[in-house]
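Presented sequentially are two complexes of chain A, the first with chain B as partner and the second with chain C.
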Partner chain A sequence: MGEVEIDWPWQYNFPPFFTLQPNPETRAKQVQAWKSLILEYCRKGRLYLVDVRESSHIPLFNNSNINRKLEESVIISILSELQKTGHAAPVDKAKHRWEIYWHTLDEWASMIYGYISSRGFNNSVLTLYELSQGEDVQTEEFYTIPQEVLIKALQVLEKDRKCELILSDEDQGVKFF
Partner chain B sequence: MNRFNYASPLLIDHEKTLACENNVRLYDGEVKTNFEGGELIITTHRILWARPGAIARGDTCLALMNELIVYIEEESPGAFSFKSMYNFIKLSFKDGYSNNVLGILNECLQVRHWEVQIPPQVPDKPQAPQIKLRTGIVGIERSLQEKQKAQDETLNAAFQDLNKLMSMAKDMVKMANVISTKIKEKQGDITEDETVKFKSYLLSLGIDDPVTRDAYKSNNQYYRSLANEISEFLYKHIEDMGGMMTLTDAYCRINRARGYELLSPEDILNACKLLESLGLPLKLFQFSSGVKVLQLNTLDSGTIAESTGILIEDNGSLSADELASKLGISITLARERLLTSEKYGKCCRDDSIEGLRFYPNLFLNNEE
Partner chain C sequence: MRRRAGLGAIQKQRLEQEKYKDKGTEIQENQFEQITKQMEFFKVNLEEFATKHKNEIKKNTEFRRQFQEMCASIGVDPLSSGKGFWSVLGIGDFYYELAVQIVEVCLATNDKNGGLITLEELRERLIKARGKRKEHQEISKDDLLRASQKLKSFGSGFNVIPYGKGKYMIQSVPGELSMDHSTILTQASSSNRAYVSVSYLKKELNWEKERSENALEHLVKQGLAWIDTQDTYEKLYYFPSLFNDCVNATAN
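Entry: the complex of A and B
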């Protein structure tokens, strides 16, 4: 996980930011700030997966300048807040590994379908690899999107009958309608 | 063979070398082992075997404790075996042996050097002359009894003094009253300044006419009068201290001022509960943490939160003990103030290994 270039908000250097505030009004502001910071950080670093157990190695949750870090339990509760708006989802039952959706799955889905429609790929089949790593999509936002997230986004489209996933062992592809 | 262990060839305490042989081979029972052509040393405690020269270098060698040997027997010229409970070993002396190994070992096993406990060396220092001849449990018991007796005596003496003080105190207060009334009568003879001074002495001495339970028929009346007294006495102090005093502090100060006829904590608590209903300028307040304080009627949580918030802002951040030393109040009170301030959203906390600190609530005030 390399350094992520980000303009830290003022809260990041404010020690109380790393303690969950008991005052409900204050806490709401604090959690809101954390939510947007987490999404911003992941967007900048193109992070799709966060492991809470490794949080002390992630500068986002560990500000070594002021020697403060966010507790794992607090991180999980903030990520759970993000989950409510569809911006995160736990991968394992213990809620250690989280997928972060700085675009919600719906947003990813419409982005991909928009790209397909603009290129006239309707009624054609693309492999998942082409869709996420291919040369044609290099300029698209969803370039390098991990397959797990991609599949989840495509499943959203599938529900709307806009595509059909072909998930055999060999070739993983998708046909758009 | 498994009775051998690896050990240092250095002699342990009180161990002496008895015999040395060269070119000895070890047998595990009847089976030859790779331990051949070594040096064998028999000591009072152990039998050591090592490769030639290893013992001289102090390297690790094989050692068999003599205490494990139950029986020794010469087998054929140049070889004999040690029988142990489960097994036996054989030593083969390729070059024969010069010393009377069998005799030495047998003698060694009879003497059982390893069991001899050498008495610990007595230091040469001349022994201090023993004063107390009593030893053992009786001696300890007696010395304890003596100690207790001495303690009892000091306690008794101390309480006699206290009793004297208490009986004198009543007279003292009476005398003080007489003097103050005389001063009132003779106004003009002494200057205003001196009167004030004298009165302040009296005040610091204590409450001149304490409310006591005997004087009242019902508890209720007693508590009411007590509440009046507490309010009258503490109002000035509490005002000086920034409007708040813990109940424990109040308890100490009241009883310090009374000097005798001391109040119980229950009585003070009951009296303080009446403060507000009697329309006195003090009231009893309980923080959410359970800490009880006496505070001025004019003071409410909102103003406390406000003023504490401003203090935090002025200082950048504050911990409870910093605030306590700034305001001259106890740490408990300072903590309560900070928590109140936090409840009102005037500050926010930073709970780290460095302790609990409070910062201005930038979350609410620093809107982008």
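Entry: the complex of A and C
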């Protein structure tokens, strides 16, 4: 994982930021700051998946300059907070691996549908590869979105009958309406 | 031969007394009239002075300070009343305006410092918010302290806490702070690291563990201190309001 370029908030250099605070009001502020920082970090670094067990290798959770790191259990509780607003979801039962949605699935969905409508691709079929890796989408926000996340976003559209996923083994595509 | 006091003499005496009394009342009335006139004159002069120097009052911090001192020496607090001729001075307005701005800065930074801010940071933020004109920039610590003192009258939600020599913090959340607490703030600011610990207080002040812990935990409960349990030796208590990166960070 390469270095993520980010303007760290002041809290990142504040040692107690890495200790869960006992005072409920202070803790609420702390968790809020962590939530924004996680989303900002992942957005800047285009990270879609975080493995909590790897957290000590991620500068986000481990500030080696001040020798402070965020405990795994605390990370999980903060990610669970992000889950409440649709900004994260665990992908395994043990809650080790998390998808991070710096755009919520709803936001991704409307972004993709906006693109389809603007290009007049309604009623056409696109492969998932085209939609996420194709030359035409290079300037789109959802360029390089991983398939797992893409499918979830498209499922949002499917519910609204705006598309239909075609997920067979050899052909992974989507038809937009 | 000694003359006995007759009726005539008594009457004469009474007459004289009455005359004295009249004279006394007259003098009193005269004096009262004179004082009233003087006051009137003083008031007119002061009003003239005020209108003439209104800008000076708003602009010049040294002028304000001296004016305040002059008022204090004759037992008058121009800030205590918005009514009457003091209001035309505009000095109350000035501090009123300043107080509102202080509250604004405190609210804006509350999220990061828990409602405790050094006078220096407060001043810097306030000046930034007030705009670039020179008169907006000339706000002294004295002005800020006076305006903050006024805010205290709104109840326990606002407090000026002296810590160290000539240093002050403004507390904008309810909660009593004792001498021990301000002593801790002094220690945290002089250690230049924005934190203290039980052993640090033991070393610097020879405080017993219990005393330190009580005071420190109180500060945590008030949301003014954060704990750090990742130090190899002991629990550290940090003050965001004294932490450089926090002080320099943009609010919100």
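Keep this in mind: the second predicted complex is superposed on the first by the 177 of 177 C-alpha atoms of A that agree within 3 Å, B and C clash if a C-alpha of one lies under 4 Å from a C-alpha of the other, contacts with A are read in each partner's own complex, and residues count from 1 in each chain.
Keep this in mind: a residue touches a chain if its C-beta (ideal position, glycine included) is under 8 Å from a C-beta of that chain, and two chains touch if they have at least 3 such contacts.
Worth saying up front: this structure is predicted, and the values here are computed from it rather than measured.
Please tell me, clash or fit, for chain B and chain C sharing chain A in the overlay.
In the arrangement built by aligning on chain A, the partners chain C and chain B clash.
On the A-aligned overlay, A:Trp102 touches which partner chain: chain B = first, chain C = second, or both, or neither?
After superposition on chain A, A:Trp102 lies in contact with neither partner.
Could you tell me if A:Asn13 is touching chain B, chain C, both of them or neither one (first, second, both, neither)?
second
Taking the superposition as given, does A:Tyr115 touch the first partner, chain B, the second, chain C, both, or neither?
neither
When the two structures are overlaid on chain A, which partner does A:Trp34 contact: first (chain B), second (chain C), both, or neither?
neither
Given the superposition on chain A, at which of 43-51, 79-87, 115-123 or 331-339 does chain B overlap chain C?
Among 43-51, 79-87, 115-123 or 331-339, the clash with chain C belongs to 331-339.
Going by the contact definition given at the top, which residues of chain A touch chain B in one complex and chain C in the other?
10-11, 14-16, 18-19, 21-23, 25-26, 29-30, 67-68
Spell out the residues on chain A that touch chain C in their complex, using ranges where they run on.
Residue list for chain A touching chain C: 9-11, 13-19, 21-23, 25-26, 29-30, 67-69.
In the complex formed with chain B, which residues of chain A make contact?
Result: residues 10-11, 14-16, 18-19, 21-23, 25-26, 29-30, 33, 67-68 of chain A touch chain B.
Sort out for me which residues of chain B touch chain A in the complex.
By the definition above, chain B touches chain A via 317, 342-343, 345, 348-352, 357, 359, 361-364, 366.
Can you check the complex and tell me which residues of chain C touch chain A?
111-112, 114, 195, 220-221, 223, 226-231, 236, 238, 240, 243, 245-246, 248-249
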